[in-house]
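Each of the next two complexes has subunit A plus one other chain: subunit B in the first, subunit C in the second.
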Partner chain A sequence: MNPETSGAGALPPVGAAAPEVPTHGPGADAVHGTRLDPWLHAYADRAHSMKASEIRALFAVANRPEVVSLAGGMPYLEGLPLDALGEMSHRVLANRGTTALQYGSAQGDETLREQILEVMALEGIEAHSDDVVVTTGSQQALDLVTRIFINPGDVVVAEAPSYVGALGVFRAHQADVVHVPLDAAGLIPAALEETLASLARAGRSVKLLYTVPNFHNPAGVTLSAERRPQILEIARRYGVLVLEDNPYGLLGFEGDPIPAMRSLDTDGVVYLGSFSKTFAPGYRIGWAVAPHAVREKLVLASESAILCPSNASQLAISAYLETCDWRGQIKAFCELYRERRDAMVGALAEHLPDASWTVPDGGFYTWVKLPAGLDSKAMLPRAVTARVAYVPGTAFYANGEGSDHMRLSFCFPSPERIREGVRRLAGVVAGESELVSLFGVSGARTHDDVQQPGPNVS
Partner chain B sequence: MTAASPLPRAARTALRDPSASPRVVVLAGGMSHERDVSLRSGRRVAEALRSAGLEVSLHDVDADLLPALAQGRPDLVWPLLHGATGEDGSVRDILELVGVRYVGTGPRESRVAWSKPIGKTVAARAGLATPDFVTLPQSLFRELGAGRVLESLLARFGLPLVVKPSRGGSALGVTLVRDAADLPRAMVDAFAYGDTALVEQAVEGRELAVSVIEDADGLHALPAVEIVTDGPYDYDARYNPGRTEYFTPARLSRTEADAVSAAALAAHRALGLRHLSRTDLILDNAGVPQFLEVNVAPGMTETSLFPQAAVAGGRDLPELYRSIVMAALA
Partner chain C sequence: MNPETSGAGALPPVGAAAPEVPTHGPGADAVHGTRLDPWLHAYADRAHSMKASEIRALFAVANRPEVVSLAGGMPYLEGLPLDALGEMSHRVLANRGTTALQYGSAQGDETLREQILEVMALEGIEAHSDDVVVTTGSQQALDLVTRIFINPGDVVVAEAPSYVGALGVFRAHQADVVHVPLDAAGLIPAALEETLASLARAGRSVKLLYTVPNFHNPAGVTLSAERRPQILEIARRYGVLVLEDNPYGLLGFEGDPIPAMRSLDTDGVVYLGSFSKTFAPGYRIGWAVAPHAVREKLVLASESAILCPSNASQLAISAYLETCDWRGQIKAFCELYRERRDAMVGALAEHLPDASWTVPDGGFYTWVKLPAGLDSKAMLPRAVTARVAYVPGTAFYANGEGSDHMRLSFCFPSPERIREGVRRLAGVVAGESELVSLFGVSGARTHDDVQQPGPNVS
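Up next is the complex of A and B:
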């Protein structure tokens, strides 16, 4: 924080409300101007990282239909049976309106919690409905877990790269994020071991290992079945709680889901699940499964944050799970997204042969390494001019790295639009490459800020 | 001059007196890099005009716009578009084509003002001082060799210097270069926003913005706003309260205040601007206002300079915006 701002609270009021100040002449020589926010001195330290950014502003254009947005993480909802859902919502309100519109329990609707067990069983998780805490999207669960574990300066170990929305939560709670590299088989156990050992030697307090094991956001890779017990064993040995964030696990393109880490370890894992990607994000329903004592704290923390999750949303999802073929819907989504993944990687091979990328077996994203020397953040305005959007890799690092990568999502645009978007992107990359070689600059510039691109992009 | 051929109006609307309660369409959004800023400006102005009793709707620049104008037949359009077609005159050309009156500068004059090098040239011809500059297309660097061109730039201007896209706003793509090693990166960043860059000598002095309005009584300069940042007045400093300290009115002597007001009025007149504008300048250490650029659609967000200047001048924003609407309808 700028030291000059510390006295901002004492600044005189401005504008029409200001007392008589001579407009001109030496008497007008005010010591302080205005910083337009009389409460600047009052913010908590954690608020200083929350600010508007150029990147956020550029994404405003990405919502226009002219732009092919390969930036968004929005599921393709046109695939849902909206008529049936409309009738279902009507029945919920007509038959159970006084419950749906009333306060509910902080832990969440019991029937829904039992249904959530059925969903999780597909990934090998055995739990009791008492272990489940329903939250306002799994993002709230992420916030609650961070809130109950993290003191300022505590370390969260996360993959490099890592989900931007989680980095924002960790930063808001003043955690230090330490990244551990991943490869095609996910988080690298040896690298995790090395990082935890070095943090232990440094006397750091490491509280959480945050991981997205399936169809990683943004990297597109999946933690192999072989590595899962290894990662859990290392975390256990160092006394670090694993935060398993799994919104995409059921959206695999081939074979059965790999058993969740929570299925291998009930005491060392807090599991986060969500209906946002497998059904729809609009109801904002996610959940956490936690060891009993942690779960108690989560319920109390949630109660103080929101009193209770929306009953109307919970009953709607509950009715959906009870009356609709949700497994069939997930299967349909998987087929749709696989086709789009194929369009994406096919177009990348055709138009961007100098780049390299991951080929995800599920989920929404591929992680693209740009040709040498390019900076994805610096290139974004050029992309916006060319009517294509992506998320610069820097968003997914807490330490300014990642400018040599970008995240492309294939969930929302049609296959033709994806191909068109990649074609436009190839033109952008060619233009930027020419410029970079012309001026002989390196793209390895580090950016010092985590950029939160907003909910439609995360 | 605004409405070449007024839209046919139904008898009912023809009987309505637009000066009593004009119906205004605020245009905001558009396809520019400044879409977000424009949306915020548009909402602020729409809200202010509504509270001044006007009937206001907001519209984006999209395929629905022309049908909406044809059907709604507003008395006036206020283009609050920043960047690209909103400021380069194109949208204003279209408004002329369909015969709708609008707030602000005409298309040709917008086109001149929107180009920083052309705007500077016109201002200089009108007798204003402006920092020495060159305008360089990307292709020239390719043809002549980037290293040689950069060497010539440094030899001519020295350091520090400022690199900007030749067109654009909100300081996007702008770099203040203090070290020659940072010049290539600054060029790349400017070219990310367009094919032509303006490289200008950085002038030491006080950074000022002078807004000009035209109402029934004529042309007025609002009090200058002085901008003090702990770094460059970039996007971050503009839209996150805290990094920038604004002095409204600026800490100027009477002579200095008169000089910068006169410069802004001269720029407004020389460039043929209408209704409102904001001139950005530096009052150099010799007391000379150095013209940087002029904005035909100045930002109107919570942290923007034009509304700050208006408030500093004792103007009520809804009333001021209403008077601009009335001047445009007159």
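Up next is the complex of A and C:
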């Protein structure tokens, strides 16, 4: 049993495992009217660890228009030239329709892979198009890399906190995630060294170091240029492959991007990129750059998983990169998100002076530490009742930590909505703080302990 | 080691495993100038079973314009109204761009799932849109179902022969595939019963019965209406979930479709559908219909694998289904493919009277049994030299059988090209037969045995 699915979570997990009442194969009678899963006996071991992410459970509630969602990581797309993109799509289908609508290569369209090299060059990466594998979003690349390297019980080292979607992939492949702390300059080299040494002494099989070096999700920090070679050197010394996940790297608010880790190390890094944040996630196009032999495995694994990425999507993005000012579009996104970051940190300073938070130099997220005694997961139903949503910090840890933090995203709502959301959040925090000072415990947390009806989330 | 990657195959397998010379972690020196894979020690067990499908290795060669490819399963798309589809795509982006280009739900677009119900109703399926999960082609659904149910060493029962892409998925998840024979009326119920009884006696864990009931890939046969309930009853009795893969069901050449197995059994069947053959594969949109609890697992597994299917693709297909005469388009495809089927079987009768073959009532493929003594895999390089390509029968078995068969597809080349391809193939068969009658063995087969240089495939 996964403790997180069996706990009395404030929001019902979507797709939680069916109750494990006795069953004897398909056709077993329902007991006490409970709807049984006739295939419960047949699932693979890994399926028992599949559980809904807290972000996903949130979406159903937080998508209501009256809720200010500071939860999701959806980019803001209204600024895209939609009519021009439509015309471009028309031309692609009219002129190259029999290619766009046909099966393609498992590795991805050659022209698009060449163009991806230009995108990556902005972060100092030199590669060959043959090193690139196009995937269904970089999430698929994450899944494929994990599939290729992880046996059940293998260790993945990841920042504390780490991207919830990556933790879900690692869990689905029955990896053990070991967290390493980060600070304002990103992953801490000494802490990484200590963790890897300790894992080596324990005889553990450590396969991957998963890291989001730029504008970290959820922590908002960036790995400094000084630390990058240090981290790579430590990983190399312990024989651990670095999985560099970089969806936000071009969305910096100040100065030029820091060179990617992949620009410093060709053989020890699998690099993941994406068009989801710098252009549009709806095409589901990301990519991996990997050492030669790993790239071959990635192509085979992708072929097995989906045959090939969508030619329609690839040709649309290829046409966009060829005919539109994509660098200008990224610059416009940076300005948009900087304004929202400023609205977020300004509102936090005004309304939540007892909390602390990171001030990101780019990307979508800030990581907020709550005043002492508050539990972000327990507080969430109250927040949603107050029409504001966030992601509790526990979502970003594989070990149940993080309840004193929350992730706030500033990518999607307008600056005004962000300020209103933080204002609402401050009211919730004040109410919770009062409960804590009166009773010494976060009010909603009694729900978990004594199974009383929880706060109404609707 | 996988014997099929280490064998001296006629065509070099793309992405074959690197040579297993000793290595001691990343940074190990190259031995004798061999390019080592520094991560060879780190792969998961499952990665060692990832190998290039014979179809994939073929594509590189068979895509040359001078080769008549009877190998691939690419639909013929010239008949689609490409300009109208382009205009439709323009409207989708101009009017619904911020949805089309955004992340969507992991389960798939609600409207598209409703429309998929209409498509499936043509084969007698009654379902609810909540039962449907949209996937990145039905290949992804295959992968997800396998991921949910298969532990290493579990058994998947499949027709002999079976779809090469499904065998690849089962192998990637370390399943053991046990084949059950089919005949002109499809999977043989008595043989299935016997196989399942034998596996039960051996104490094996049998999880799935994988079947392509309509216009089978590669065998070209269709499971009769009479046998469908029999197969379902046997599977139910042994507690085995039926995985009904039906990409070709609406592409029949005579009369109405036979009701799908899913129309007869809601709890015991996971049904896979696809727009790749009835519309266009380039959008990569397929779907699964599953019993409720399995459907929940599928959504979670898909979220972990790709976050969500492409909204751009889903909205494009949804608009196509809403505004275009998709039933008329399928009817046009049926007429096109019937003409090509006729060209294929006519040419086989004229040029290869010593072979035998199935005459499919729909779909893309015929399954050809070669004259005695010939080996389709060994013969392939000679065929490509003669500018005709096919898929050797061995690709469709998990156990190395099938060398006396080949799959010929009639979907993509024109009737004239099909006739020319079969004519060339007949020349190759005649040459091979002569070698067999002179030396008692297929000429190219000596390549495998004595490591002489193989026939030049270029």
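By definition in this document, the second predicted complex is superposed on the first by the 397 of 458 C-alpha atoms of A that agree within 3 Å, B and C clash if a C-alpha of one lies under 4 Å from a C-alpha of the other, contacts with A are read in each partner's own complex, and residues count from 1 in each chain.
Keep in mind that, in the parts below, a contact is a pair of C-beta atoms (placed from the backbone, for glycine too) under 8 Å apart; a residue touches a chain by one contact, two chains touch by 3 or more.
None of these values were measured; they are calculated from a predicted model.
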(request) Figure out whether A:C324 sits in contact with subunit B (first) or subunit C (second), or with both, or with neither. (result) neither
(message) For A:G165, using the defined touch cut-off, is the partner it touches subunit B, subunit C, both, or neither? Pick first, second, both or neither.
(response) second
(message) Going by the contact rule set out at the top, does A:E87 touch subunit B (first), subunit C (second), both, or neither?
(response) second
(request) Check the contacts made with subunit A and report whether subunit B or subunit C touches more of its residues. (result) C
(message) Once chain A of both complexes is superposed, is A:V359 in touch with subunit B (first), subunit C (second), both, or neither?
(response) neither
(message) After the superposition on A, what does A:L40 contact: first (subunit B), second (subunit C), both or neither?
(response) both
(message) Looking at A:P309, would you say it contacts subunit B, subunit C, both, or neither? Reply first, second, both or neither.
(response) second
(message) Between subunit B and subunit C, whom does A:R64 touch in the aligned arrangement: first, second, both, or neither?
(response) first
(request) Identify the overlap between the subunit B-contacting and the subunit C-contacting residues of subunit A. (result) 14-15, 25-26, 35, 37, 40, 51-53, 56, 59
(request) State the interface residues of subunit C toward subunit A in the complex, per the touch definition above. (result) 14-15, 18, 25-27, 35, 37-47, 50-53, 56, 59, 72, 74-75, 77-78, 80, 82-83, 85-87, 89-94, 97-106, 136-137, 139-140, 143, 147-151, 154, 165, 168-169, 172, 207, 236, 239, 241, 267-268, 276, 280-284, 291-294, 296-297, 299-301, 303-313, 316
(message) With touch defined as at the start, can you tell me which subunit B residues reach subunit A in the complex?
(response) 29, 31-37, 39, 62, 138, 141-142, 146-147, 150, 170, 172-173, 184-185, 187-189, 191-194, 223, 226, 228, 230, 235-236, 239-249, 251-254, 257, 302-303, 308, 311-312, 314, 316
(request) In the complex, go through subunit A and note every residue touching subunit B. (result) 2, 4-5, 14-16, 23-26, 28-30, 32-37, 40, 51-54, 56-61, 64, 66, 378-382, 384-385, 432, 434-436, 438-441, 445
